[in-house]
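Consider the two complexes below, in which chain A is the common component and chain B and chain C are the respective partners.
Showing the complex of A and B:
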């Protein structure tokens, strides 16, 4: 897509503003590079191929779950059950590995699909507010998982299946993370899918104006249902990648990913009101958040300070984005 | 007119939003005791000028003088205090508050507003009622009463009558005349030439953000205003009222009915039957809330009727979703652009919306074929797509054309247009009439509801008049004069005992 609206030749500043508006990703790349530079200054010699590989490895689960969150937020919704779904998928995979890797992985992905389906039915068919619906399913999953954990222990010791460990933590040639390929594949499908498929267009359309969609013959409920199912599925995938990287499952594994999954999307420039944005921004948002936490780790900052700074920077980035790109014409 | 004292004068007002210049040089001079029209095509800068006058936006340059003294408004409250009050096309009452609470919100006292409620014949409105429960025309008048209560020296009416039925518009005009007679001033913004001619003393014409002329309405014709509005380049496009239908090709003799409606009942719709044939533009005329909205809702599949039948090409259809109506060839251009457009998306995505849906292919889009079809539609309607990366940056007229272009690109048999020319300039209107005529000539059927009566003779072959949820008259375009339509729309054709003032 070109940017025809801005060629008004009113000086470079205007052109620059137009670029920010139509290509917000450039701003995010700038922020990312600044953060990397900061690490290089704080501890010279850190930045190198293995640092990059590890950063991508850490960022992959967040990036993948943010892909689902992006789709949902583009429809003007939100999925607050992603973290619980990640945990559930990871835990199910570990506890079922005794019966074979294939069964463990398939069951884990099925958990994601079922959660997505329940969310989708609630939001799209029964018109429950997405926030409430997904908050509810999140709690149900957490409780259900606890019950499950008390009843599966006799089936064998929990262990992360080898294939999951390979995808989550493996490195090709000892340097390129395997999860990077999975992430790249998902990113390609999501980015191209949003731009070039009818379903992708309808996601934006439903998020922008559901009434207009209805009058244009779009069955918005179907679009929403599919979107929540995809988000649930991607949360399951993210949970597997995470448990593979950490190599141990517990009942709060994915919890820390809830707010970052939303923050990555918001930083990436997707409107929380839906209809505008995309995954390229969320992907950069996930990388920025990951690098940001490495900066804090390097600074050896005390936890409360980390939290304050983390929150402040997220708000700042979001505000910056709105200032440069927000226009109500 | 009797007093030449200048109440308000602006010089070189300028306002730009980023790179877009909304107002280049807005000059207007309003005398005390006159009704002054502010005219211009869509995007000419009228609304921006009004917003500057009412303190809604701060100009980048220029001066405002009130009774010779330079003033600067940095908020609407400020302007109101100085004696400038405005009423807009959109209702400004809070829907979730009662009328009385709304009045308190703006600091309007009961004593101050009471006479104006009487004047506007709103005496029987229950002030304890929630604003959302009142009909829109009533809310418009309440808005006006609220503005009048502050006894402004200058009253600005920004397209207030665009959505009002004729009898309620007349109440607004009565107040405007009274305002003038009492030595105060009114600035009126309207696209309706007859309204302006009948009411106003002088008109300031804006084009592309600059004032291009001031016209004395008593001594000059509407052609002068229209050519000022359109500029020298476009003057040849001007078609005076009554010309389009004459030059349009005679409807082809293709009597096959596109849609038959039998005994339809839903909401305000009592019992409506008619046949819409291919090759014709059938006009619907009605005062506010006579069931026309319900008719369009049912035909477009947005609502299921309570009783009656809709036959599409001879077959009975029961639509459960607009999707099914569109599949049967019935497509809707709704009254409110906000209901049709994806504001943040591009012109292309807006036009292609039914196509990406219709193709049932959620797979990859053939972008080249898509672009070609969209371009054909935008070219045909002459849509200015320079600001096309987001539809909300387009002018109102261009936005309206996008809602029509969508269906040209998608394809249809029957086009349902609900008041498609409301609030858009005369040139765009004529483009739309022309396209509707062409569509009919090529075998489509068009059902056109319009609140502007002259449009019937301009664009339609036949007209149905609705009153009280029924069709009360059918007229050929030739017989559908404004007077005849108005009589029928007030229910006067049937024995003349109909409640003529039942519009609200």
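Showing the complex of A and C:
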């Protein structure tokens, strides 16, 4: 009697595993719910509409920068300059607010575009490995920002422009974060754009097999160039949202976003080797990492321990994803 | 492309080919000589003291570069080199403080063993979880960084003078800094036997083409773990060198070395795709990368430009490296992608 029952159970288990393999985002949703549950257990009564709103508020910069990182990773690249770009955009906006919000925001976005353009030229035209190219630009940006900060301070006190503060920290009807709308708009454009546009499909193609792409007449370099420019631009936007949410700019504001931006994408199931994945997973990854941080905050763990656990859990989640999907990264 | 490293002994010595194959490394040596001449030219009285401070300043980066080279040659990448250096640095500074030279050496040995194990752990995690090594080691850099902060929350500790003199002293004449001797002895004692043995050959084979190496009967897993372990060992050396050059332990001082080490190996002719290059190029590159910002500052540039200069140097050098094959021919596609490992 027991043998068929075991067999049935095994069959169900296999089917369950198959379902997880086919729909890996279910695993991510499960992990997210588990973490939310953990918060509910640690501090009952925390979970509520305002908690959700605040989580989205804090996840928005990560989610936006992860969008750029997703696109770059889909082309089999990586952008390690995103954190420095975020910081630079945020700092430029704050230091230029004296001359008006419009100028501040435009200059901040220009920083992102220029960084993206330089990265794109290096990777697409000069064929530099993305890792080393973006590492180099990251060094240049953070070094340049230091010099800039020393020479610009007399032009007026750094202050976050009102419009940036509204987008980063404002709430509609006192509850819905404004940044959620911006994030949702970017997410929609990225998700739909990847599926529906020729450029979106080319990103996958270039990441999957650049040689075949070239032989098929695709201007792969143009695809790469545009992708890095978009990533730089989104990093700039993320920097603005972040500085709006925190309402203070310093020279290491975005530094903490380097690992999460990569981790959110990897946890979200985008292959670092390119051609496989999408933004929906990264979005969930960004939410998971943000909730994870708030779990640590609730646990009141000392900072070094938080850092250790964060790193370890990122590896665990990435491993979990690889295991459930049977995907090699 | 992949078989060249292995087939080298059978190839008849051909100077032109040798030059072509090592063009990049030779270029690095040339750059070193040029920068050295420039340095001596702008210094009114370049003397033993300047040589000394160059070596002491470059020593941690040189070890970090060798560490990264070991991992990258094996087809991987380790973004936690700097964090492991920080751990080695603070452990040594904490447990050597107020102790004698013998204890310091004992602590060093333990730190080196620990570093090797930490590196091996990185490798094992990357291997067993099959998560890409960039991601694993980026996350591990957080873990090691946290460990360093746990051991020593703020800069402090110290080491006996005799231990510091291993890097800052000199040998025979003031013109030969002890640091360069230490570097040559340690790297030589470890790297030369490795390179000459089967495991070294396996390392290069796995780095250049994992599938081909596997079909040749090379055991991929142990070889990759070995390359990470070797990286961990040299990262620990780098942490100790950092203690020797600064005299104290600092939980955050190591972080910059991950980026600098990658810069140094790229400048030193190690292919990020794995299997190509050696450790001499990165060491020379580490010297160049230490000298250039110092020179520019000496010649009147704003010291805060140091990082900008380093970043620009890397970008320009790799762009030049990318441009050369581009101009030569467009016959073969060079895949613009992350490292294969």
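Convention: the second predicted complex is superposed on the first by the 306 of 329 C-alpha atoms of A that agree within 3 Å, B and C clash if a C-alpha of one lies under 4 Å from a C-alpha of the other, contacts with A are read in each partner's own complex, and residues count from 1 in each chain.
Please note the rule applied: a residue touches a chain if its C-beta (ideal position, glycine included) is under 8 Å from a C-beta of that chain, and two chains touch if they have at least 3 such contacts.
Since we're looking at a predicted model, the values are computed, not measured.
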Partner chain in contact with A:147 - chain B first, chain C second, else both or neither: second
Superposed model, chain A: greater residue contact from chain B or chain C: C
First, second, both or neither for A:202, with chain B first and chain C second: first
Touched partner set for A:43, first chain B, second chain C, both or neither: neither
Chain B versus chain C as contact partner of A:214, first or second or both or neither: both
Partner chain(s) touched by A:319 [first = chain B, second = chain C, both, neither]: second
Interface residues of chain A shared between complexes with chain B and chain C: 211, 214, 328-329
Partner chain B, residues of chain A touching it in the complex: 1, 3-6, 8, 10, 14, 17-18, 22, 196-199, 201-202, 204-205, 208-209, 211-219, 271, 275-276, 327-329
Interface residues, chain C side, partner chain A - complex: 77, 125, 129-132, 134-136, 138-143, 145-150, 153, 259, 262-263, 266, 272-273, 302, 304-312, 314-315, 318-319, 321-323, 325-326, 333-339
Contact set on chain A toward chain C in their complex: 76-78, 118, 122-124, 126-133, 135-144, 146-147, 150, 210-211, 214, 220, 224, 258-259, 262-263, 266, 272-274, 302-312, 314-315, 318-319, 322-323, 328-329
Residues of chain B that touch chain A when the two form their complex: 17-20, 300, 302, 321-323, 325-327, 332, 334, 338-346, 349, 352-354, 356-359, 361-365, 367, 385-390, 392-393, 406
